[in-house]
Structures are given as structure tokens and as C-alpha cells.
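First chain A sits with chain B, and in the next complex the same chain sits with chain C.
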Partner chain A sequence: MSYRIGIDVGGTHTDGILLDAKYQVIAETKCATTEDVSSGIYQAMREVIAKANVQRDRIGFAMLGTTHCTNAIVERKRLNSVAVIRIGAPATLAVKPLIGVPEDLREKLGKYVYIVRGGHEFDGRQMADLDEAELSRIADTLKGKVDSVAVTSVFSPVSKDHELRAAEILHEILGDQVSISLSHEIGSVGLLERENATILNAAVVNVAKTTAQGFMQALREEGIEAKVFLGQNDGTLMSVEYAMKYPILTIACGPTNSIRGASYLSGLGDALVVDVGGTTTDIGVLVNSFPRESSLAVEIGGARTNFRMPDLISIGLGGGTIIRIEEDGSFKVGPDSVGYQLTRRGLVFGGDTLTATDVAVALGKTQLGDPAKVAHLDKGVLQKVYNRIVEMVEEAIDRMKTSADPVPVILVGGGSILLPDEMKGAASVIRPEHFGVANAIGAAISQISGQVERVFSLDELGREKTLELAKQIAVDEAIAAGAEPGSIEIVDIEDVPLAYLPGNATRIRVKAAGNLSVKTEPTLSN
Partner chain B sequence: MRYLGKQEIEDIAVGAALLGTGGGGDPYIGKLMTLQAIEEYGPIQLLTVDEVPQDALVVSSGMMGAPTVMIEKAPSGHEARKAFQMLEGFLGQKVFATYPIEAGGLNSMLPLALAAQMGLPVVDVDGMGRAFPELQMATFYLDGIAATPMAIADEKGNVNLIDTIDSLWAERIARSATIQMGGSVMFAIYPMKGRQLKESGIHNILKLEEDLGRTIRLAKEQNTEPIREILAITNGFELFRGKVIDINRKTETGFARGTASMEGLEEYKGETLKLRFQNEHLIAMTEERLLCVTPDLIAVLDAETGVPITTEGLRYGARAVVIGIPCHPKWRTAKGIETCGPGYFGYDVEYLPVEELAKKGVAER
Partner chain C sequence: MNSVIQERDIPSLACGARYLGSGGGGNSYLLQLLTMRAIRDCGPVPFVSALAMDEGTWSAPVAIMGSPSILNEKILTGVELLQAVQILEEQAGIRIDALMGLEIGGLNALTPVLAAALSGRPLLDSDGMGRAFTELQMTTFHAFGVSASPLVMVNEQGRWEHIATPSNWDVEWIARRKVIDLGGWATIASYPMKLQQVKEVGIHQSFSLAKRLGDSVIAAKEDIHQVMKALVQIFSHSLYGRPAKLIEGKVVELERRITGGMMNGMLVIEGEGEHIGEQLEVVFQNEFLLAKQGDRLIATVPDLLCVLDVDNGFPIVVEEMENHKKVWVVAIPAHPLIRHSKMLQTVGPKRYGLAKEFIPLEQLRQSDDREAEGHVSAGY
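Right after this comes the complex of A and B.
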């Protein structure tokens, strides 16, 4: 069991990769992303297996990074029937669940909303006893009406007791068919944002289930009995069982996969990663081999959430970006793109639309298609267009940097052939091998992580000891999730004091990650 | 008198974040509470200070404690009502209207939510013209109006009535009680007569917030740059344009202190700005010169959209415009500067009005 498959779904292409046990690339492929997403995944999987021509029973792992859940939320389609339970009354009544969420989403997800007594204070004291009788009554009325339940308790990132007890009660009455999403496993401090993320999570449970089962079925049809993992947006993996519980964590795993893949391919742990696709360019930051996370509230489908997301900027520039040149020589770069139709509509491929790729080919920056088809164009104007394209990327690079010092820039993605070997702000420009499928590689080589995020009082142990304690919790979590103990490293530490409040209460977040232990059978990952 | 509906609330929240000068807590949760209250109880009555009878009892309302706690343990909506009832019982008079103690951040929104819940009007006035971290940092304090008797209430139903010898003691006792009560409480504070509010308060502050918020919203809709108009509305000055290159935070005695450094862009190229903050931005200076000092307002705005950036939201690489806004003249008295000038916050810098500093800058450049 030594080979692994990695598949990553992008806006334009679905990429597939097959690696051996030493992570050497055996085969790679690129397919068009399909409307239903799944058939594109199956297609990429079949192609890469056919190309690799290895013994099928030796393919032991299959890692999938997909956009199914994002699409379901954005399109408001295929969402579960959800119940929303908040634990915290009498606190929090002044802001009810789903307030501030777009009307159409609120209508879909706000049919069964309850606020019950319970919850904790910031320092872990209990605010009120959990109203277990009320929870039982709610569970009785929900029988047969909902697919999943989202449970959010006040200060559950500090004390998860009430959420865990509520889950027990709900399970007992509703059975195992109804899945329960607990907020402390999804988001951090910030009730409404964490609650929104938990509700969205509950809403896409079945989407994740269908996706994962479909993928496993498609593998089996090819005669492959691989252990399947889904990519999370922090660059680590989760088992199918876990993904069905926490599908929201798959959102934005694509850019994360390409950042991780770029790190692996280039051997760099700290750099900027520029991923040029067909329609957009995503720029992310590698810190300690992992993507830097955004510290700001993130909107998903119009709902404000606070769950971790990679810190990215995205600009409307890709290989298929449409270039419009006016008669007076003025021009416009995008933001629209021919996307996956580049090989049909681009000039060098015999099409009728001038794209960013055509400009690069006409100027001899790269070789693709038939250069004769763009030879008639005015090179002077094209050079200006090209300069503008490079400038757009350079500006975006500058926005993501943490200091004025030049940093290494890793170019990945099929469209990265557009960009030159020298750029402002870049100490060096690195084009690793297999750059076109870095995202699928990132999915295939992902690690297993453990994380802790809690409000600690520094008065008890002091800062140093408290941080040590938090690190140990994160490492233990990673081992429990299936990471090889010897390979675990602390990849992220953040401590933010609570403002306007004396007493040294500090929110600490630590993440540890290690390689997937191939000997043990991992059951969970988070 | 006029009514505030949802659009007005959205605009006021953005303006409040701007006058919050980086601190005061994100008005977001206050905005949601207000929107929910309007949904349940209808629009909010807004009075000008002239519409308040001379002897009517007016009481400010808001939250005290850590905004981080409040965004997790949101209020029940009954706290402020209880605090008001406690105060009414003690003073033997019904409350006529409420008003915000500060114009920045979360506390500029909470009186609106409360007013909708209780059916009270809100007076278009505040005691700071901006946000400040402590209870005595109000124009009322400068004018000798006591913060107490005040009441603080938590969502569990606990209420404290606090009557102290001065506002500094009120600050001390109330903050200690706040921790025991769970880190965030609602208060009813600075009870006074309509006539006192008119003399001591800063007028038409909600209107200013609304104008600022609307300007930023319209600029976004029309894809124009709002900074110039923001400066015109506030009589403010553009101090700097640049990119955040470093943020150094540490927390001391409950305050998020720190320094942000910005590298100049466009006409400021080659200069480095240092922004010193303690929850709010307090000092803006380059290596050569001072640009703006508390109690004048320092706001950091997104360079493209004009949307205010809080100290917590300051991040590497952010492109921002820093503006300085003259504070209310009451803050520029000796007592005003003693109360919330640079010396009070522990900075060895002399206060000079932003207009004078801006003039110097122009002469030098």
C-alpha cells in the first residue's frame, strides 16, 4: 500500500496526481471542472490512474480537496434541514441566531431555532445550569423533522461541557441518523460568528456525505480500496468520518492545497505563493510550511463567520483573462476570463479572443499554441499590457508581505507561465517542477494536525508555563488524530489578551501538525 | 424629532467605528442588537438636545468590560432596563430619555438598542465626541457632573447601585465588579437634567456618525474615494498614507497597548509613521514630527474604501490613510488635557492641536 492519489478541484480545472511512498510524482493530469463537480473528480481520478499504470491494490490513500460544500452554501442548494440550538439564556437573547445573515439563507436555515438556559463565563465558571429538560422537549419536537442540529454554547471555546451534554441528550432521543454539529470544534470566541459557522456546517453534512461516498464508490469501481481523506482549509487532512461531521472545514481548501504543495515542491517553509489559475491569481503566505491564517471575520455565502481561513488575496488575473485594446491604444485587463475555454477561444489556439496567455506568447515570454496567430499584433501595446499584468501581481505581492524586505516567491498554477523570472519585491522567483498541479500535490501530502484555542488565565501558571500547557494539548490532539508522534511540530502560536479587562485573561491558540502515521489507522483529525 | 430605521442604523455603525479611532469595540454586535430591537419594537425616536425638557431626567447607557466577552456572551436585553429601574427608584424620578456616553465603537450603538426595547427616545448628544476607555473621560466630568449614582447589571439579574465620591472611584469600583459579574455588564450612568446635558454634552454627534457612514456607503456604491468628503465633514486633516509594516502589541492592566508602524506611499514615500494606541489610537508621529495627539482624534481608514480599521484589525500590508480630527474644544482646556491628554496615558509628549501640527507639516514639506 504505497501509492497515493491527490485530487483538487479549482474554479477552472480539476487536477489529479499520483505519488509514490516517497512523494515522487508518478503521473499528473488536468481536467475541466464540471458543473456537478463530481464527474470532473472521477474523470481526473481515472485519468491519473490510467497514466500511472501502477498496481491498483497498491494505491493506499486518496486525498480529495473539493468545492462541493462551498458551492452548496453559495447557491443555497442541497442544504440539510437544520435545527439551531443556542445554550446561553438568559444571556444573548438580545441577538437571536441568524440575525445579520442574508434573508434567503435565514429562511432556509432558521425554521427551528431555540435558545435554552446554560453556558459559561469567560473564565470557565458556569453561567447557568444547563436546561436538560428543555433540551429533551426540543429533541422530541424535532423527531423526523431535521437532518442535523447545530449546537452553540456561550464560551464553549473555554468550556465545552454544555455542548457535549446537549449532544448526548440529542443523540439519545434523535438517534444516530441526525448529525450534531458542536460549535467548540468549529470556531473560536465570538458567539454569532461561531454559531453561523456551526449552522452552515450542519447544513452541508449531507453534501459532504454524498461527495465522500461518491468518491469512494468511484474508486471501488476502479478496483481501488484506498483510505480516503478530505483536505481541510488549514492544510491538513481529515478522515471521511470526520469530514462528514465537520464538512465546513473543507471550505477554501483549494488555495491552501496549492500553498502547501508549493512549499513541498520548492522545499521552502517561508515564502509567498502566487497561484495563477485560469481566471484568478491567489496569493498566500507560507509561514512554517503552513498558510498564514486570516485574523478577520470571513463571510461565507453572506454569513459572517470566524472560523479559520487562509489569509489570501485574489485578483482577477489568470491565463484566460480577457484583454481589451481600444483604437487609441488604451487597454483593459479582465477582470472576466474565458476560463476553461482558453484552449478553444484564445487566439494562439485558433480562437477569437485576446487573452493574457496570447499576450505572453506574442511577446515570446512563453511557448504555447501557434505564435503565428498573434504575430500581427502591435508589440508596443502588448508590452504595455504585459507590464500592467506583472505590476498587478507585484502590487498584490507587496500587500501580502510582512516587511519591505524581498521574500522568495513561488509560482504555481497553470497560468504562472505568464509571469517573468524577476519581480519587484521578490528575492527570487521559484518555479518548481510539477507547478501546474501543485494544488493536487498539496492535497496528497497534507499532514494531520491538532489544535487548541481557549481563554487561559495567565495568573495561575504564568505566561511561559501556560503556553507550554497549550502546546502539549495541541500535540496530544494531533497524536489522537493519527499523526506520527516523532514528526509533530508546533506550526502556529497566537496569544491575544482580552482588552479592557484586568486579570490577564488571554486567548491562546496553538496548532501542531505531523505526518500521517501509515501504521496506525487514524480515526479522527481536527 | 425624527425616527431612525435600519438604514440609518447601518450608517451610524460605520460612522461610530470611525469616531471610535480604532477602539471602543466593534459596533457590529451593537448594530445587530439595534436592528433586532427595531424589528421587534419599531423605529427609534431621536431627539435633538433642544427637545429635552430642562428638568427631565436623562441617563446614559452602554456596556463596560471587555468587548471580547460581550461578542461571546451577548446581552439578554433586560440588563439595561433593570439598571434604569434601579436608578429611577433611587432618584425618585422616571427617566425621560437615554443618550450615548461616547460616540465611538460599541457604546454608541447600545443606547439605540435599549431605547427601542424600552420605548425611550435617544438624545443626539454624547460626552466624548469620540471613544475613550474610562468613565471619567467625559465632558460631564470636566463640567463637574458626577458619573454616579450609577447602576450596573448583568444578564443573570444582578444589579449594583454605585454611589461614589468622584468619577475616578466609580471607574475603579465598577470595573472590579464587572469582572465578578462575568467580564461585561450594562450600565446606566451620568444621570442628569436636560439642561445639564445641553450645556455639557457634545451635540448632534449621531447625525455626524450617520453623515460619515452614509458618505462611506455612497462612495462604495458609486466607486469613488470618500476620504476628501470625510475630511470636509469632520474638519479633519490627512496625516499620512501608507502601508502597515509592523505591529507590536502587548497588554498591560487590561489595555491593549501597542505601536503600529506604517511605511509612506505616494507623497509620503520615504517617511515612517508610528501610531501609538491603547485600545484607541492616541499618538501619530513620524521620525521628524508629531502629527496628531489625543484628545484629538486619529482614525485609520482603508485607503480604497474609507472604511475605518480598528486597532485589532490592523494587519501587515494593509493600505491605509490616517486622518486627524480636532476634538471638541472642551477637551482642549487644562482639565481636559489632564484627563485624557498624552500625559494621562503615560506618553512624554506635549499636546498641540492638530490644526497647528498640520500647518507646521505643510510649511516643512
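Right after this comes the complex of A and C.
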């Protein structure tokens, strides 16, 4: 039998969890998120291990969902020295890489930018021969100047040949210590967005390495030799080796983890998940046990990408949300919050700030701190405030629902004690056990996935057979990444025809996911 | 609009063109980047009314044909547009001294601006669709007897095709197939005509309308109520008619399928607020074509239909539509030339097999009001 640790970094708290092989919770903990993020992670990890009191050599897996890479991009700190190579000339020449990206980021990442001949058509035909001589020349000039290279070739989601060949040439000249990010591993069709994502990926490779190695080192110091995985934004895991190559895929794993955790804890595959934290409430949608994804382009640090993120609404409401009541009885809910200082600044904890938690305690909705400290407040006004709080959540629920029919609502997150057992639009309100650390549980129970996203021509095989082919590719990818073959299911399938073009060209995306195979070692090729 | 188009006019023009796209015409983000850069490098685009130009001058519309998704991956340089115009000049044995629009909806509202900026030719304030449509013959040029031939199409490698055939329907058929071979999109120059003809068969002031519309929408700062006011204000003072809000609610059903290279399907909106209890079905083929409640026709092509995102008032294109989105559906009476009986032969609801005849939005609204007996519509 083997235990696993799950750790998830949130804006306010870093949560830790330790599960047994049957995914039963052995111990849970909550620590304040620290500015360097890492020390909070180590703290949560040590606490949960101490609480669980299990044999350390039986902790076989450690899953980490972290904000290191997001922070590095947003703060523009600790970024790699990057070269950007696009393969696609003569097409694409008029729009240089990093166009439309905020200037401070472009200054940092746009020092070495090249466009070379090559690339493919949407149907896999070669557009032009890859200019290998030019690539060699570029590699020579880059020697000693950069530690990371982003390579993006036109229609590489259809044919990755030119990117793979470019990587060979670059490795040969620059050596293995320079990491190379290939766009076909990162994004889908849409050159500028995929290229931006690839450049950002190249920029945070070192951050990811330091994070993962630091985490493994901290585990070893505790006498734990666990296999480490990082959470991806789609709610599945990647091996630490893969995460060090493609760290950008860890962005936004937090909300995903809490939605997945809510699904596991409640046993529901289709529901709305309301995650109430200290400062904000995220409302997401569970479809088939995975978060529904938004189809819109997402900006990361101001750069357009074509990443799929969980479709979320975030509202400024959490346990620490500050409530301001005027003399005339009018009031304002947030949007600012006392955050992790709730247990110091909230009235029921002896502080001086009226928070959403104080309102709930005063009205007897939940028991926390010292209710006597809020007994003097006008219940009539507080009731109005409380009604408004519930209404804010109900409005958000209504926006996320697909139909007018009520749906089950799962409440998770430490702040969810604020909310009542009945809400408009909710068929039922479910409060699973361990709701406070659902995100860490989501990280710990994550599956391994494989994905394919390509433009297929339906004329060759017909729709059904093409979909079957795409499914098989996704399943194979999942197995290669370390999923137990028998447990793999297709969790997401989407086909969008390309408009204004005959020949039935269709973009098909399939994701397959399965349980982590305990026996096989995950390989590098995801 | 001024007598030139400046770099700063481009976001407004693109924004207005999204509404004129009626759900189609493609996302213009990329064309915006390209056009703004071209104007920065080459200077503002001379912008003239067709009515003010010498009747003997030759002009041609330019556009991009094919898949916007492929264009977003294999990005044009702009040179392909210049080549298309130059080859058309050679093939037709003429000198083209002014460019114009083929369609004012979606990304093709910017294509002629880009071409004009790069080539130094003036841009006429005219186009042939007055919105977005799918096919080459769906233009007032075709409806009033101008030949699309010769048509020249060019790809990013400089490969080109030349089509000359009497029927504009055949031109569309051939070009649509060649576009695959050329790699998914091509720039086109076609319908060469003298200004004398442009004056008669073109839809005029369409670029200035798109620009004005964009200015007002941007000033509305993503508040859907303000955006609606802007639409009413601008369209009511144009040859188009007064926009009408058909429903507000949530997309509860979305069906997309591809047949013959066309994205067909429909979506169902379940009413909310003052529209509670109502359902509206919107049928599309690349563009939104028709709105109905049960069997009752509410609005039909060629009148325009916009599905607006309540979060910001921006129109959602068919390709980017999502189930569960909260939206307003707005119909806009089309320009009178687009409603002309000759134009309806190509773009009327009968052509799409959707309805026997075209009934103008205003007429459909009137019968609606009579049925509602004394119900006073709030605001719009």
C-alpha cells in the first residue's frame, strides 16, 4: 500500500493532504501562502506528514499544484534568457513574434527573434523546405547568449516535422543544457497565440526546474522518496520531468484542482462547484468529472494565448470580505478582504473589522470564534447583508448554468460555511467532508491524460472513423504519459468545422484520462 | 470620416464591422495588427466617396477568401493583395486607380484598407455586401449585372489562379475549390468596374458607417445597454433601419455541423427578464440567417442578426458561440439595396431554403405589436 501527498497553493492558503491508496483522507492541513511560495509548500508538506504519522517510506507519490510559473510571468521576474524562432517564411513575415504583447514583457523576451523558411499547410503538405543552414547560423550566434529557445512552426499541430528537426539542429550546436520548447506540445492552431504560449513556456523553464527540484529536495530531507507530479490546468498530472520541459501547462491548475476535488469528494460528475476562499469565490462547472473549459483565448501576463482554462466566474466574496455599513443602513460587500488575516482582524476573533464571516456568525449561520463579540450588531441590517451575499452567489450560479433547470451545487473551500443549505438555482446543496482542502485533494487524485488537437479532413475516412482515430491517438498519448490502460476514458471530445472552406476540414480535440499507473514509469513524451 | 484613414481609426472600423458581420466574416484581430502597421509604415490611406471620383476611373474590390482559422495560423504578409490587384490589371488590361470593399462585415472590412495602405491607392467608401455574406456572387455588384470575372486569387507563396467565366455562380464554385489547393485561403481581386458602375451598384458610405458605429460602441465601454443605444442611434440615422432587440436570455442549445464547406446549425435562446417564458431559435449558415419563435418568423436574412454577449455588448461570431452564454439577440433592417428584389434572388431566405419570401423586420415587428395588444415595449 502506498500513500500520496497532495499540495495546492492558493492566493491566501497553501493546503496539504495525505491520502491512502484508496484515496481516504489520513491528514489535512492549511498554511498561509508565503511570498516566496516555496516555504509555504514545504511547511504544508511537513505539517501533513507529521499529522498523518505514517511510515515515510510508504509515501509513494507527491502531487503539487503551484503558482510559481504564473507569478514569474505576472511579475516578470526570474525569467529565462530566451530566443524566439518561428518557422514559416515567406508567410507570416509581416507579423513579428511578440506583437501585441505588453512592452515590458517584449523587452525581456524579444532580444533574439528570427523567422526562417519552412512550415506546413493545414492538410500537412509542406509549405517550404526547412532552412536548416539558416537554423545552424542562428544557433551559432545564440551560443552563450540564451538558456532557452522557443520554436514555433506554421501548422505544427498538423505536422511537427520541422519543429522536431529544428530541435535536433539546435541541440547539436547549443548542447543539452539549453532547453527547447516546441509549440506543437503546447498549443493548438492559431499561430500568434501558440507562439506566445511557447515563448512564455521557454521563459519559465528555470523557475519550474528550481521549484520541482526544491520540492523533491524538501521531500528527501523528510526521508521521503516519492515520485513527484505537477498539476496541469486541465486537471491532470504530468511527471516532474515533463513539467520542467512544459511548465506553462501548470498555469491555473488551482481552480481546476478544487473543481476536481469537489467532484471526487461528492461523487458527482456533473454539477456546479462553488469554491469560497478568503478573498474570492470561484464558480466552475463539472462536466463528466472535469471542469468545463472556456473556448476563449486567455491572456497570461498580458500575452494572448490559446490556452483552454476552466470556465470560471470569480466574484469578490470570501470569508474575509470586508462589510461596510453606513449610518443610514446602506451597506457595501467588499470587494476587498482581510485575507489570511481573518483570524486576527475579524470581529469574532477579537479584531476590529466586520467581515462576511462575522455576519454569518452573528446570524447563527455558522459557529466560529466568539459570537458574543458580534451580538450587539443590528440583526435587521446584517440579515440584509447576508441576503445580498447569498444573492451574489446565486447570480453567479445562474450565469454558469447551461439550462434553466436547477443543478446540484457542491460547496468547497474554507469560506463555504458562509453559504446556506438552500439556494436559488440549486437542486441541492452538497457539503462534502474535507471541503476545506478540496483543492489539495483534487491535486492528489488527479489522473494522467493524453490529448490530441488537430485539423483533420473528414473526406478521407468520414466523420466516425476520423473521430475513432483521434480517440486512439489520445489514448495512446495517455498510456505513454503513464496512465493505467484499463482505466482510460475519453473525457472530452470536440469537433469544430472550419467555416468557409469546402473539403470538410474539421478541428478535432480529444482528451483521454486514466488513473496513474503504479507499475509503469511515466515517460517523457506526454 | 476624414478624407484619410489613420492608424487610430482601425480599431473603430474593425469594431463596427463585427456588428455588420451578422455572426460571420471572421475575427479581424490579425488584420487589425497588419493594417495598423501598414498605415504606420506607409502613411494614412486616402479615403474618398465613389460619388466624388471621375467616372472613367477603374476600381476593384479586394478581399480574403477561405478559412479565417487557417489565416490565423498561416498569416498573410499583405503583398499577396498587391499581387492580386496587379495580376488583375494585367489580365483585364486596365489600370486600377481605386480599391473598394467586397464585404464590410468581419475581417474583410480591413482587407481593402490594408491593400490601399500598401499600394498607395485611394479607398472608396463603398462595398458590395453591406454586411457579411458567404459567397462571391452574394453582392450588389452581381445582383445588378457586373461580372465577377476576371477573378485573380493569390496565396502567400505568390502562386496565383485566374478565373474567367460568364457565370458569377461558376466563379464562386471554381474559386471555392481552388482555395483549398492554395492552402486554405487566398487574397482575391475581382469585379473590375469603372466608377460610373460603382456609383450605381455599390453600397456607399459603408466604411464610414462601420467606423461611426465602432466609435459609438467603444464609447459605450462594454455596457450592453449603452451599446444597444449606440446601435439604435447609428443605424436609425443611416440607410439601414432601427435595430430591434428580439430577446435576452441564455443559449441553451447549440448545434453546429458542416455540410459542403458551410457551418450550418442553430441555437436556442431561453428568455430571461422581460422575455421570460419566451424561446428564440436562430438558424445560421456561416452567418446568422433567421430567427423564429416556433413556426413564427421573427427576422430573416438579408436583415442582420447580432448575438451580443451581455458581458460587454460585443457580437459573438458563429465559430466562437458557446452553449450557456448569456446574450441579447438584435435584428437590424438591412440597407435598401440589399433588400432589392434582384439581391433577394441571391441572398433572400428562399435561396437558403428557409422561408418562402423575405419579410422586412419592420413589418414583422408591426404584426408582433398588434398581437401584443397594448403591450408597450420597454425602451428599444
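One rule holds for everything that comes next: the second predicted complex is superposed on the first by the 522 of 526 C-alpha atoms of A that agree within 3 Å, B and C clash if a C-alpha of one lies under 4 Å from a C-alpha of the other, contacts with A are read in each partner's own complex, and residues count from 1 in each chain.
One rule holds in what follows: a contact is a pair of C-beta atoms (placed from the backbone, for glycine too) under 8 Å apart; a residue touches a chain by one contact, two chains touch by 3 or more.
Quick caveat: nothing in here was measured; it's all calculated off a predicted structure.
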Clash-or-fit label for the pair chain B, chain C on chain A: clash
Contacts of A:302 with chain B and chain C, given as first, second, both or neither: neither
Partner chain(s) touched by A:436 [first = chain B, second = chain C, both, neither]: neither
Contacts of A:406 with chain B and chain C, given as first, second, both or neither: neither
Partner chain in contact with A:190 - chain B first, chain C second, else both or neither: both
Touched partner set for A:316, first chain B, second chain C, both or neither: neither
Partner chain(s) touched by A:60 [first = chain B, second = chain C, both, neither]: neither
Doubly contacted residues of chain A, that is, touched by chain B and again by chain C: 88, 90-95, 99-100, 119, 121-123, 125, 127-128, 154-155, 189-192, 295-296, 399-404, 496-507
Chain B-facing residues of chain A, complex: 88-96, 99-100, 119, 121-123, 125, 127-128, 154-155, 189-192, 295-296, 304, 398-404, 496-507
Sites on chain C touched by chain A in the complex: 24, 26, 30, 33-34, 37, 65-70, 72-78, 134, 156-158, 176-177, 179-180, 183-184, 250, 252, 256-258, 260-263, 270, 286, 318-320, 322-324, 326
Interfacial residue positions of chain B with respect to chain A in the complex: 25, 28-29, 32-33, 35-37, 65-69, 71-78, 113, 117, 133, 155-157, 175, 178-179, 182-183, 243, 245-246, 249-251, 253-256, 263, 279, 312-313, 315-317, 319
Footprint of chain C on chain A - complex, ascending: 88, 90-95, 99-100, 119, 121-123, 125, 127-128, 154-155, 189-192, 294-296, 399-404, 458, 496-507
